[in-house]
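Each chain carries a letter (A, B, C and D) given by its place in the written order, and its residues are counted from 1.
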Amino acid sequence: MIAILKHGTTEAQTQHLVDWLKQQNLDVHISEGKEVTVLGLIGDTSAVDMDLLGSLEIVDAVRRVSEPFKKANRKFHPQDTIVDVGGVKIGGGSFAMIAGPCSVESEEQIIEVASAVKASGANLLRGGAFKPRTSPYAFQGMQGEGLKLLLKAKKATGMPIVTEIMNISTLDLFADVDLIQVGARNMQNFDLLKELGKTKKPILLKRGLANTLQELLMSAEYIMSEGNEQVILCERGVRTFETFTRNTLDLSAVPSLHQLSHLPVVVDPSHATGKSWLVPPMAYAAAASGADGIMVEVHNNPSCALCDGAQSLTPPQFDQVAQKVRKIREVLA
Amino acid sequence: MIAILKHGTTEAQTQHLVDWLKQQNLDVHISEGKEVTVLGLIGDTSAVDMDLLGSLEIVDAVRRVSEPFKKANRKFHPQDTIVDVGGVKIGGGSFAMIAGPCSVESEEQIIEVASAVKASGANLLRGGAFKPRTSPYAFQGMQGEGLKLLLKAKKATGMPIVTEIMNISTLDLFADVDLIQVGARNMQNFDLLKELGKTKKPILLKRGLANTLQELLMSAEYIMSEGNEQVILCERGVRTFETFTRNTLDLSAVPSLHQLSHLPVVVDPSHATGKSWLVPPMAYAAAASGADGIMVEVHNNPSCALCDGAQSLTPPQFDQVAQKVRKIREVLA
Amino acid sequence: MIAILKHGTTEAQTQHLVDWLKQQNLDVHISEGKEVTVLGLIGDTSAVDMDLLGSLEIVDAVRRVSEPFKKANRKFHPQDTIVDVGGVKIGGGSFAMIAGPCSVESEEQIIEVASAVKASGANLLRGGAFKPRTSPYAFQGMQGEGLKLLLKAKKATGMPIVTEIMNISTLDLFADVDLIQVGARNMQNFDLLKELGKTKKPILLKRGLANTLQELLMSAEYIMSEGNEQVILCERGVRTFETFTRNTLDLSAVPSLHQLSHLPVVVDPSHATGKSWLVPPMAYAAAASGADGIMVEVHNNPSCALCDGAQSLTPPQFDQVAQKVRKIREVLA
Amino acid sequence: MIAILKHGTTEAQTQHLVDWLKQQNLDVHISEGKEVTVLGLIGDTSAVDMDLLGSLEIVDAVRRVSEPFKKANRKFHPQDTIVDVGGVKIGGGSFAMIAGPCSVESEEQIIEVASAVKASGANLLRGGAFKPRTSPYAFQGMQGEGLKLLLKAKKATGMPIVTEIMNISTLDLFADVDLIQVGARNMQNFDLLKELGKTKKPILLKRGLANTLQELLMSAEYIMSEGNEQVILCERGVRTFETFTRNTLDLSAVPSLHQLSHLPVVVDPSHATGKSWLVPPMAYAAAASGADGIMVEVHNNPSCALCDGAQSLTPPQFDQVAQKVRKIREVLA
């Protein structure tokens, strides 16, 4: 971390600041230039409050030289992390083809969709049991009952499953879930992240609606700093001024996260766009951008889905998507 | 709710859709125009999935005629709600002057600040005990210990207190807290909202970083639909492309929320701007926009604050802010 | 266009509004529902002021049923428009591989880059002569002199050229330019658009930093309504809260624009990301999303470029991008 | 400007970069820290390409120490600039009360509105003659004819006038206009700014829809660097995700611009909100934030206005706004 002092700062003022920084277990390297004096802070600056430092009267600006995340940082962990989700590897060249309905609705539905997407090459089954909904009056998911049906589909098809947790008090119900999803609205629910960091379950961490890549990595760091390093990042669109699509899918996040971090990155084109006809081109683009997986909503009868049907593919549509995604990955291999 | 059908929709298709809607306990009024056919959905449409309806092949667009929030809606509750926080009234002409340090740091600090801001006219004491921080390595607040100190300051000064809850499992600790704050990052932590809806405590609900006014009101609805109608809304800046200020304070939210809802609206200029010298002009502007209160960070020694000192006022600075805010309110009375 | 009247509107008020609308040459179809009355406006509503209509006391909401753009609208022109740029076809299955330096710097440079990118399969040469720069103190391009060098490169290589116009007063200099670019900052310079609509030159219209797809199409409409229908749209990233990338490339714009309009859509991954290492993955993703072309900055010596070198590829890097883009297009064919 | 070199940079690489920087007439001060080496660039760095420098392989980050604007910078011009607009002073404690219709529609209309707002204390008359409209099919203003009517109103009432220029080719028509407005969409029409910089007319420069404060000041710099230092800045709302208001009025821009620059800052609450009932509270808030003026749309018959009537006040509404704004300014004096 570097602090740039204002022109005109006295030697006494500088010394006072240096002493204060040293009290925080930092070494300080002073570099006096013609126009500015720069303090180099050496040591563990991850707990230093940049805003506070920058607000001091003699400080012009404060800049981080190193990223504030450590365990998620590729600099300290050059090899790709490969997460094993119930036997399916994700990252480091292994691709996750995650598919399934937005919400689990019935045993028949979830098993039918699971069998269909498996036949098309999906290797993970998704399905919502606990649903975060903007309105308290909207369908909130089948909850615990939905989880049980999802586990039946897992048993019937042998596919590992991924589903969302909204409340740490329900953790016991997730004992046989292979990959626990943290939704966009909970990306900065730090208490939930800490608790998940104490489990040994792989975590799928979705980017928040208006969160930067650095904030996403800091949230991964919350999980990892508690001991659980099995984190998969997920880009699912950010909120912008554009209203034609539900969100704006930020595919540059994929290579950017790969550069900053060793964690796998998957893309959810269904929630990002909110329109089923936009899902195939965005799934192809996600694969072409280098993603380690895609997560796609598939429903056997989209027009009757209880929620989010607007963005679901039919099984035949998904089959074509899966085929082309594989071919695009071959081109890039 | 209105569904506009595409040109060329057949009578049979229309009838099929109407039947489906009627199964959802809705009455449907069909209006055939020269260019378009419009279906008027009559009944409780708050649970209807607009996105799904809009995704049907024959539907061109779907529009809500009425807002999806009910209990928070001024249409059904024209009078201003006045929330009583430990004897201090907020809303309907009564103004909340909330002040205190970002974080509780010591008994001496919190009592000193509390006494100072009370002398300047503050009627509620704020102080963070549980702190949501982007980094797991940053100071997370004094937690339970901080709450105890805050309660000591309440006892010493007689001021009701407001502090943030991050996790419903800590609710017992808030038994003597007068106003429980839900932070911006938890605005859509729906499980937390529901649990707070079951308490009888006044709730201060902060707008999320990238949430619309309607989403804020839907989150209020989550609390209110469980039986707790003592909700105070708080504008604290939204995230935009501008980087000079930490967030962009959206003061048009104040009169807009007053038009849409009967709930009181307070403004937090400290978190919105992140710079202490921006707090006074934004506090004046908040009062001038018609806010029912302001929430301001005050610290007896900002340059030593453990967090967020950059945006804190000193007690003398706050004293001047409080005086001018009162005068501006007189102008508008 | 549909106007939804407020509950409680009197018959006389409704009639007054209907009369006013009829004065604007519109037919009005009144549909009285149980809860709301809906007016259907029939005729050419493209000049109706939605905001004004919506502000009337008796009007609850106004919704457009049809898009406000006509000539750019796929509904009225189902086939893809194919633009012929100096013999190179763009759109309807024909792909534009546009490459070249950000700025023309010297005859040697532009011809060397042109030859290199042509050898790799580029079919159009880009090069900036007039440069829009945020700072008046930054290099503003070689201007007229740059245009001459670009024309020399065209002659030397046979490649059609594309370059940006900033001011209609320089139009004469563009007589031999094959494709005239309107930059993001001028997307709503309506006087410039109108003048370009009077020429017979193909126009490359870049999306503004914070403009919606509909606004982009309305700007295309400005050009087309003056008689020039040879417009190519260009997605080049939008401004969001994310600071890691210069802009956020919105690839969902590609299939969205294809659905809304018949005009070709190309993607500029260089300006969108601002980092050369992000250009290849975003170029692949653009091709996979169905774009009709990509526009990539290539420089023979990026670290010495006078501007925007940070986002330029070297000729060998571009060669690999071009190869993979072709293969991805084969997968999707 | 400071360049932070990557860990592991060799001495030869550093020297190569230093030589390159010196070729650009910069002095370089090298400071070798334990973890990083920092180069301090001394001299006129306003033309240095930060992005290019930052893209070099050995460079980790580049930071500006000083702002890239000079003539607009308060550091070099501590006193408030006071702009004289036809005898009306703006800035440095003098307040501009600018009012008038969105569009000039007739001689009767403009004179009637002008007389009314003058009686209420307005000291400048606004009125649109050339109107930037998103749609080519919408009313584009009365253009030259409108300007003539505006000048008649100036003559009749003695009020200086402000109106928008869209195209430098119409400059001759603005000979008797007192304050020339550059609209939000033209804030980065750099050629227009340069030409206006060559005139001696005061310029009202509106912030672009998605432009930062620094970009606004750089656009002011374009005008000022050509010799015209009579620039007034205008905040008129920025584009965000919120759709309830047309734009999001950023009032923190007022004290922020005052800190960064010596130029006067006025606020336009009418265009920012798009709703007449939001104009009074936002006008009060603007005054309370320390603005040097407000610009408000007033129409004698809002429901018949040809454009933007939705956001216009009636003369009696404006009268009340003007009174309260004056009182709020007294509180802050």
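We take it that contacts are C-beta pairs under 8 Å (C-beta built on N, C-alpha and C of every residue); 3 or more make two chains touch, one makes a residue touch a chain.
All figures in this text were calculated on a predicted structure; none of them were measured in a lab.
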Third chains touching both subunit B and subunit A: C, D
Chain whose Cα centroid lies at the greatest distance from that of subunit B: C
Comparison of B-C and C-D (more C-beta pairs in contact): C-D
Option reproducing the contacts of A-B, where over half of them reappear, out of C-D, A-D or B-D: C-D
Approximate Å spacing (C-alpha centroids) for the pair subunit B, subunit C: 39
Gap in Å, rounded to a whole number, between the CA centres of subunit C and subunit A: 31
Inter-chain centre distance, subunit C versus subunit D - centres from mean C-alpha coordinates, in Å: 26
Multi-partner residues of subunit D (at least 2 other chains): 210, 239-241, 243
Subunit B partner contacts - residues on subunit A that touch it in the complex: 44, 46-47, 49, 51-52, 54-56, 68-69, 132-139, 166-169, 185-186, 188-191, 194, 209-210, 215, 218, 221-222, 225-226, 239, 246, 274-276, 302-303, 305-311
Complex interface listing, subunit D residues touching subunit A: 2, 4, 27, 29, 31, 33-36, 38, 40, 42, 60-61, 63, 65, 210, 239-241, 243
Residues of subunit C defined as touching subunit A within the complex: 210, 212-214, 238, 240-245, 248-252, 254-256, 259, 272-273, 277-278, 281-282, 284-290, 324, 327-328, 331-332
